[in-house]
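Letters A, B, C, D, E and F mark the chains as written, and numbering starts fresh at 1 in each.
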Amino acid sequence: MNVLVFAPHNDDEVLGVGGTIAKHVSLGHNVYVCEATSGRDKERLANIRSEALNAHRMLGVKETFFLDLPVVGLADIPRKELNKSMYDIVMKIKPEVVYIPHKGDMHIDHTMVAESAMVALRPVNNPQLKAIYAYETLSETEWNIPSADNVFVPNVWSDISDTIDKKLEAMKCYKSQLYDFPHPRSLDAIEALSKLRGSTICVANAESFMLIRSLI
Amino acid sequence: MNVLVFAPHNDDEVLGVGGTIAKHVSLGHNVYVCEATSGRDKERLANIRSEALNAHRMLGVKETFFLDLPVVGLADIPRKELNKSMYDIVMKIKPEVVYIPHKGDMHIDHTMVAESAMVALRPVNNPQLKAIYAYETLSETEWNIPSADNVFVPNVWSDISDTIDKKLEAMKCYKSQLYDFPHPRSLDAIEALSKLRGSTICVANAESFMLIRSLI
Amino acid sequence: MNVLVFAPHNDDEVLGVGGTIAKHVSLGHNVYVCEATSGRDKERLANIRSEALNAHRMLGVKETFFLDLPVVGLADIPRKELNKSMYDIVMKIKPEVVYIPHKGDMHIDHTMVAESAMVALRPVNNPQLKAIYAYETLSETEWNIPSADNVFVPNVWSDISDTIDKKLEAMKCYKSQLYDFPHPRSLDAIEALSKLRGSTICVANAESFMLIRSLI
Amino acid sequence: MNVLVFAPHNDDEVLGVGGTIAKHVSLGHNVYVCEATSGRDKERLANIRSEALNAHRMLGVKETFFLDLPVVGLADIPRKELNKSMYDIVMKIKPEVVYIPHKGDMHIDHTMVAESAMVALRPVNNPQLKAIYAYETLSETEWNIPSADNVFVPNVWSDISDTIDKKLEAMKCYKSQLYDFPHPRSLDAIEALSKLRGSTICVANAESFMLIRSLI
Amino acid sequence: MNVLVFAPHNDDEVLGVGGTIAKHVSLGHNVYVCEATSGRDKERLANIRSEALNAHRMLGVKETFFLDLPVVGLADIPRKELNKSMYDIVMKIKPEVVYIPHKGDMHIDHTMVAESAMVALRPVNNPQLKAIYAYETLSETEWNIPSADNVFVPNVWSDISDTIDKKLEAMKCYKSQLYDFPHPRSLDAIEALSKLRGSTICVANAESFMLIRSLI
Amino acid sequence: MNVLVFAPHNDDEVLGVGGTIAKHVSLGHNVYVCEATSGRDKERLANIRSEALNAHRMLGVKETFFLDLPVVGLADIPRKELNKSMYDIVMKIKPEVVYIPHKGDMHIDHTMVAESAMVALRPVNNPQLKAIYAYETLSETEWNIPSADNVFVPNVWSDISDTIDKKLEAMKCYKSQLYDFPHPRSLDAIEALSKLRGSTICVANAESFMLIRSLI
């Protein structure tokens, strides 16, 4: 089974889906990550790319695609171009399960990736597709204007009790993105969210998603 | 795998989940139906119960439970009583998958069944539970006040192309509940909805649900 | 009475409002269609324009305006330009009734047309305006992220039992846009939706809309 | 044309629909008001009923029906009974246009009347029905928990510039229900709301409604 | 300053507002707690009441009011009675700040308390009132049907880094209500939620609320 | 205490926050206004800027910042640029209280300012920040598509009975933006809204806001 994770920025895929990626891998699934944007300059780009690859190795990601689009810039490039970049990845991977960022996140790049993903994932072009999930991203999802449409309303839970350690290790690879608690992008906050989501389904650790579309 | 369908009134389970019930059965799952209310008088009760059993036989339902609670009366009996009736069924079946009516339907009995189902299905009491889906009921779901919370927003599709015929046959068993098109509770309307939902995922026939909670 | 239909792409006006356009015409109203975008190259443009004009002739549209803006490009041209293009049409037609696409559709062009229409239709500039309705577009409305704001919640029904045939004939004119069922942009899906919407108000065929604003 | 206004309590119909009632009357429509509840004791009941009849005479209401159900009690009587009381009125009047309270109002009686009205107004039983509108009630609509579903979102405007005086006179008949500004149930607040709603459509005075369902 | 916390069941006030209660007390405010329901039998009642009083002593609550209404029974007693019970408390305390449960919680008693609180807290009767907040309750708020109206959308944060210990100690007093992690009503889950909410505003621990109404 | 008001266009800050600005000033707070866009040509720019400064003098604004970005153009400049312009102002003022336009307003510039404000106001960069409020703007807020996310749902009230006169005087300074009633941007409509919002909390005049985030 092919699984595809769209990340607006390097580290979003770990924050939102890290434990579930490792779980997919442990089940023998092929997990692909597509990073939409990259660093603002050459040096940062090289660094973040290396961090991403280390994190993905930790999680067992099969292949990482870097679209190298501009950070805080997805709303400023032609929509067709963004759509095409993402569509090409989808056509290449033919995923059965896809994880996308939450369209209600504060960062406009998240909204853009979520919207273009939907175009790429049209049922007519993806007969193999079984499920699309939106994930939450600490420091983006909870910082937006709290409206009916922006709010993240979890209805899918993934037990990651066996892979929370890998998630935290993967996050440690993102040295340039990690802060000390009480910053939300910190190991302690990640663990707190994971325990909270876990407690909802009475397991030690979980990641939560909003279902966008699924076939049963 | 045990599957449980809660129906406020006899026929809701066919309108909302008929094709998917037959599909579960064809996959070897045990499907149980719990009818919350029954007829208004003895004669009608006997008749509708017989219709229900015929319909369920057609679909392959393993066992039907009749709670015999009063029609248009679920809001008027003590909440504890309704909760307990439904909880007892859940504890008996230990379902992995549950279908409940949409809380935003026009008929108050639908709302009551949906709310009490959630109490009965608390994660802490149901470690085996994998998914809860809300189904749509022609002539109830589309006739309520169209508010943000009442609206049925499908995000789960079940391909019933192979079982639409059984669904229609099962509905024919409910002679007392079936009307001629263009009444929404008619074979033609059922088929139209089924084709529309099918077209969304590019199959001939489908039933749609709103995901309430799932574990992946 | 002047009626104006804004279509992001050629064929949206038939999918969403085809039967109601023919009904307006049969009542002696003047119906104008404004197509915001056109084909991607000269050849396609000529073809789709010819298809549109045929479809509109079938429905009795009085005049069609082609803005010739770029497909999947409305978010990338200056907002002022889009606003002005649509405002000019509104000022020319002085419509009493306007149909716009649903802002929650998957295609960004639909959102852009809906938003710019609202600017053009400000009450202060349109004392003659009686109603604005948003229509649904098969293969766009049901494929977007299913959020509180994206979901199409019909509260207006137009009985098109007498004009469904014209709607289907008009759709057949759009050969380049029409697919075989179970694609949602197929004659069968159009008919299924039309029967479903009809059944809600107990007529054979209907088109549904979301009311944006009306004066009674 | 027959018009029916459901009021949970005497005076709601004036607060929410007073100007529009007088406008209907001036257009030759027959307006009926159904008061769901009555005074808490005999004396108050006689008084409020007399106030209601005076107010309705002022507006030109053709006939007033008093259901005499208990105030703050509609959630405590059997749902079937409430449904039947309202259904009987609907069957008697066969209205083309109906005004109901907003289901999101603070007072539970408003919610109950709105819900039971929907049952009584099922399309299948009301082929003559053209529109259902929900009205706002000062001191109820704006005092509830401000949630996505409770909020009153106007999309229908009725110009009452010619009948605002009658509305205010009718309200003066309800001496027992009228307070001094800045209480929201005061003449000044009524006028402020009326001017605000008017300004949205650029007229001097208006009443606003939420469309529940209409046929065009 | 007088602060009033309405709890449907003993322990809700600690789960939702425990740290903020202790903070209010440390600022010299008078905090009152009103417990709407009590134990199902005499023995449990005595026990839970004793637990509540111990917890409240730990937090510094000035006085606790027990309404002794039936558990899972608030929807079954006359609405007027519930309204009056709560109104009497409000009139006695004349609170400036009030905390109520979230109306979207799974437990119907929570909804009932929230609704009746709004009636008791009408601005016209409470000129002293400055703010009403809804709090979240682990094992209720996250277990309901995840709809637009049910979802808890925090927009108020209270830094409880200095009082989290008191909150946890108070919760320990509720032996009969406390479970081991990963149950959501456990010390670990409480702490995880507190850290997550804290991280949103970059402090170690916080409680979150939804603003219902405030005067600034 | 430093207070910052973001206005997409000159006069929005008076329409939405005028009375509350004057109240802040009367309490000794420093109020800063940041105007995002300016006039379309040199002459208009000079005029509107002079009007703004007069209005602000009337209200007691300490300093006004003009970003001079293009009107109806905020969606067309690079997002990073808009973010940076607003971030620089926030870093300069270090506000404790911020007022932003409502993201659901009809004018796209309002949405853009609201979204970029959230980025600038991230908790991690603003430890001093206590509250963010969204204000309503007559002729923008009520003219947008009335969806769940666009609707303005007030939950904060500011009594401006003592400063309504200053608000009206300030608005008179904006001669180029002021119309005669019944235009919504007129003195009469402003007063009507102010009385309506006042009546909700039983005072003569008020401004209402939607809370975005607050720390208590």
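Everything below uses one rule, namely that contacts are C-beta pairs under 8 Å (C-beta built on N, C-alpha and C of every residue); 3 or more make two chains touch, one makes a residue touch a chain.
These figures come from a predicted structure and were not determined experimentally.
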item	value
Partner chains that chain B and chain D have in common	C, E
Copy pair chain D, chain F: interface residue numbering same or different (half cut)	same
Taking each chain's C-alpha mean as its centre, the one farthest from chain D	A
Listed pair (B-D, A-B or A-F) duplicating the E-F contact set, over half by residue number	A-B
From chain E, the most remote chain by mean C-alpha position	C
Length of the line joining the C-alpha centres of chain C and chain E, rounded to whole Å	50
Geometric centre distance via CA averages, chain E-chain A, whole Å	35
Residue list for chain E, restricted to those that touch at least two other chains	123-124, 143, 146-149, 155, 183, 200, 202, 212-213
Pairs of chains, among all present, that meet the touch criterion	A-B, A-C, A-E, A-F, B-C, B-D, B-E, C-D, C-F, D-E, D-F, E-F
Parts of chain D lying in touch with chain F, wherever the complex brings them together	138, 142-143, 146-148, 151, 153-155, 181-184, 186, 188-189, 191-193, 195-196, 198-200, 202-204
Chain B residues within the chain A interface of the complex	20, 123-124, 127, 131, 148, 155-159, 200-202, 211-216
Contact footprint of chain D on chain E as seen in their complex	78-80, 83, 103-104, 114-115, 118-119, 122-124, 134, 148-149, 212-213
Residue ranges of chain C touching chain A (in the complex, touch as defined)	72-73, 75-76, 106-108, 139, 143-150, 183
